[in-house]
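Here chain A shows up in two complexes: once beside chain B, once beside chain C.
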Partner chain A sequence: MTRVEIDGVERAYGAVKVLKGIHLDIEPGEFVVLLGPSGCGKSTLLASIAGLDPVQGGEIRFDGRDVARDEPSDREIGMVFQSYALYPTMTVRKNMSFALRVAGMAKPEIDERVNWAAGVLQIEPLLERKPAALSGGQRQRVAIGRALVRKAKVFLFDEPLSNLDAKLRGEMRAEIKALHEKLQTTFIYVTHDQIEAMTLATRIAVMSGGEIQQFGTPDEIYRFPQTRFVADFIGAPSMNFVDAVLRVEGGRASLEMGQVRVELDDYAFAAPPRDGQPVIFGTRPERITLQGDPSPGAIPARVTGVEPMGADTLVWLDTDGHRWSARVSPEEANALGREVHARPDPQGISLFEPESERRL
Partner chain B sequence: MKDQNAIAMAAIYAFLAIAAAFFAIPLIIMLLTSFKTAEEVREGSIFFLPESWSLAAWGKAWGEACIGRVCEGIGGNFWNSVLITVLATSISLLLASLNGFALAQWRLRMSGPILGMLLIGAFIPYQIMIYPLVRLFATGGMHQTLGAIVTVHVLFGLPILTLIFRNFYIGLPEELIKAARVDGAGFFQIYGMIIVPMSVNVFLVAAILSITGVWNDYLLGLIFAGPNFQPMTVSLQNLVGTQMGLPEYNVNMAATILTALPPLAVYLLSGKYFVRGVTAGAVKG
Partner chain C sequence: MRIRPQTLARLVLVPTILLTVIGVYGSILWTVNISFTSSGFLPTGKYVGLDRYYELWGQARWRVAYTNLFVFGGLYIFFCIGAGLLLAIALDQGVRGRSFFQTIFLYPIALSFIVTGLAWRWILNPTTGLEAYVRGLGYEGFSFGWLSDPDMAIFTLVIAGVWHSAGLMMVIIFAGLQSIDGEIWRAGRVDGISRFHMYRGVVLPMLFPVFVTCLVLLAMNVVRSYDLVVAMTGGGPGYSTDVPAKYIVDHLFDRANIGRASAGATMLLLTVMAIIALSTYLGRKETRR
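On to the complex of A and B.
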């Protein structure tokens, strides 16, 4: 179990800053997922942790030891790549033992470790095959096995499941989670798949444009997004937004959107609210109830589309020019007319400051 | 429809047969002539089959034919050529594959300019470098030695061979090398344990190019090899070009075929690999 501290790591390609001073403090044995849109620097950060990509500033500490200038092999890491990167001319056994052979380990110990890893991953019958004779899922298992035999202190995964079909991806996801529980090693895992991030992570680091937007548990990230970007990026469909104005009267805060007022008695403000302050109001689709009749706190809307998803139904709305979505039960959806009123759940509100786009 | 196809196929085969015959006729005449006796060559037409098949001309060409005053044939020069070809080819392959790998996969700062220079090196005629090289070797005291001729062949072979390797290695996934680095392998371990086993086909293609190029060379051998390591092509020219008395066509033909045999054999034996190597780059595995 290793604590990984990333302290102000910077990386630029020419004038383009790809990592702009990243700070992350990863507890021993954590499963941290780096999540973000394509090109935000996830792979670059992972490569920096691995030592494959030189950093230009900052420190990377494993259990307090700065490894930022060490070779990958001196960092005691295991890494699994998106393309598996198995050595095509070697059998599975040779692939898995490669690192140990390079390190000059004695044959009996190599065999013992390979057999142990093959047992953990249930790939014993494949040991004498070449990678070309394996399915995608089997290849990925071998790639994990290659990291496993080295008894690495930190496991790094760069989108390991994105080449697999949906069903296999689900299975491998569960296996990776089980592996983490079994090994209790620190895992750092890159993906742009939200479901993977939510299901696997002990904590998620949401990245955008070379910066960490928020680092927290999946629940915190989902329910209390710290920036508008996180609120927008996490969740499918994403959060509904509308511009609003804060009102504070007699110590009670409320939100004014045109004619509609929403009480904010339950909202935990980070800083005391000011009367007349402009804000961005956000609410998730499943935190909206739709009703036919107007009522205080309900926003008038027009139904523009209905998408039955089986368990629930997605209703697309037009609220005075904003495209919103609401997730309701199929029965509720059937009962709807064309004009409805959308009532946000006071418990599920997020407010953002329009300039900085940070949570209020 | 079927008939038309058959006719078209027949036409294609007829054309191919004629084309093949056209290219094969000189070779056939050489072969026929080399099996004739000296009298038969003088009297008969070149298209006739030999009356009595005789290997005398072959034996003479190999071990007895006179070049100037020395009557030792060109057999000894065959082994010179073998030595030069084996040395030059193995050294160039090793260097070219290492260079190609470094250029393609090891983020070198100057790989762009180096590549440009290689391209220039591959396409400018090597004749313009002969004189400077002669001066260089003479100054270094190794003019007309085995070292000189091998060095020259390696130098002139490197650009194109390096490009061949580099173009193959550029297609290898970058993550493969990264994985090997994480596994603790250094440059030469990655090269030897992962890259070389993956590029057997490219080695074969490059070897074929190098072997035929070095073996068939005449000019460089003439200038740089010197008398002790004179390659077969040079001695063949001496044999055929400067004959005293009546020309012995049968011996000349036998000597020519002997000289041409090794590259021919390389193509015939490796044809399958040659094609496979050429297409290997196109198929992603």
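On to the complex of A and C.
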């Protein structure tokens, strides 16, 4: 169990700043996922934590000890790579014991550790095989085992599931989660797949442009996105947005979108709302109800497409030039005409400041 | 009747197959056949059984030539791959001006063995080359006379041969090193494995097929090593640097003894076949492991 503190880490390639002063405080035993689109700096951050990529500023502390300038091997980390990077000419046993043998550890101790790790990962029958004779999932377990035998305190994963097919990916996801629960070690995991992030993480750090946009539990990230970027990036399809104006009358806030007014009695404002303040209104597809008849607080829309997805149906809407989506039950979708009214759930509203794009 | 595509393909291949069967295998059989005859200038002799082979092995010159094949071949292959490997690893450390060094080390391969042999003959000639130069610097006692020393002359061939071919080995091995996934190196760093151990334990074993390629290329040079010897030592001093290929050509054309030349050629063929069989066996064993 190791606490990982990342304090103002900076990294630039020439004039391009890839990490712009990252701060991240990871509790012992957490499963933190670094999530973001490609080029957001998440892999660079992971390489910095591993020590494979030198940082130019800031500190990385493991249990209070600054390791930012240490060699990767001195950091007591284990890393699982996208290609697994197993040593192809060695058997599984030799792959796992290579680092210990080079370090000059006594043979009985090596055997004990390899057998223990093989037991934890349930790869005992594979020990004498070579990587080429293993499936993707088995290779990944060997890669984890290689870190396990060195008693790593922090496990780093660099998009380990992106080479697998969809079915295996689901299985391996469950396996990694079970392993984390078993080992109780700190895990840091990089992915661009939000399903992976939501299902695995105790906390997610959403990154964009070399900065942490938001660091919170999957639930917080999904329900209370702190920036418009997070709201847009998380969720498929993404959140629906429209420009609106805040109205504050007699202590009650409401939202004005053209002719439509939406009451905001339950909204937890970060700062006191001002009358006439322009905002970006956001709501998730599943927080919209569609109805045929107009009613107060419902936005008129035209149906442009219907995508049945089995469990529910995605309805694409045109609301005065904005492309929205609504997730409704198949029965509701069947009953819809061309002209509908979309009513956002007051509980599921997010408001953003247009300039800073931060949550209000 | 329509001709099926497969039939057509076979028909197209017929000339090539005929050419190979007659031109290559036919010639081999013919040579083997002559090696059992008493033929001299023309292939007209009568059958004398294994007499030609007894003659061959009874001759000191052939025994020297045959031994030289292994002395020269072993050292040449070992030092070519060794030097090529060291140069490739040096380049792999990301030195500046990599392509510059690559070009320099690769240049000798552009020269034929004839030119290589001549150049080294001059360099190692005591009166014109290295020895004269060092003496000119003031070291009067310096002497380097391997070229005219019957015991050492074979090693001058090795020096010239390695100079000629090591660059190509470097390029081939370097290409292999470059093909190693960078994540393997990163995994090694996380595991705390030194570069030396990574090369020895992981990277070089991964390059096993590359080394086989190098070995085959160099072995072919060894078997047909004729031009280098002719240009550099002419087989001398005496016949101390003779090699089977030169022995065979000399007997075929100069000494009008095609029977014995054929016996030598057959011995060379048998040697190559034995080596190929051995390496195939070892290669199979390696992949099965």
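The rule we apply is simple: the second predicted complex is superposed on the first by the 360 of 360 C-alpha atoms of A that agree within 3 Å, B and C clash if a C-alpha of one lies under 4 Å from a C-alpha of the other, contacts with A are read in each partner's own complex, and residues count from 1 in each chain.
Heads up, the rule we're going with is that a residue touches a chain if its C-beta (ideal position, glycine included) is under 8 Å from a C-beta of that chain, and two chains touch if they have at least 3 such contacts.
In this text the structure is predicted, and so the values were computed from the model without any measurement.
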Chain B and chain C placed together on chain A: clash or fit? clash
Just to be sure I read the superposition right, which of the two partners does A:A106 touch: chain B = first, chain C = second, or both, or neither? neither
Contacts of A:A311 with chain B and chain C, given as first, second, both or neither:
neither
Please work out whether A:A132 is in contact with chain B alone, chain C alone, both, or neither, and reply first, second, both or neither.
first
Quick check on the superposed pair: does A:R146 touch chain B, chain C, both, or neither? Answer first, second, both or neither. both
| message | For A:M79 in the superposed arrangement: first (chain B), second (chain C), both or neither? | response | both
For this session: Mind working out whether A:P88 is in touch with chain B, chain C, both or neither, as first, second, both or neither?
Result: both
Residues on chain A touched by both chain B and chain C 50, 52, 71-73, 77-79, 81-83, 85-90, 98-99, 102-103, 146, 150
Chain B contacts chain A in the complex at 173, 175-176, 178-185, 189, 193-194, 197-198, 285
Listed in rising order, chain C residues that touch chain A in their complex are 181, 183-184, 186-187, 189-194, 197, 201-202, 205-206, 208
Within the complex, chain B is touched by chain A residues 47, 50, 52, 71-73, 77-79, 81-83, 85-90, 98-99, 102-103, 132, 143, 146, 150
Listed in rising order, the residues of chain A that touch chain C in the complex are 50-52, 71-74, 77-79, 81-83, 85-90, 98-99, 102-103, 146-147, 150
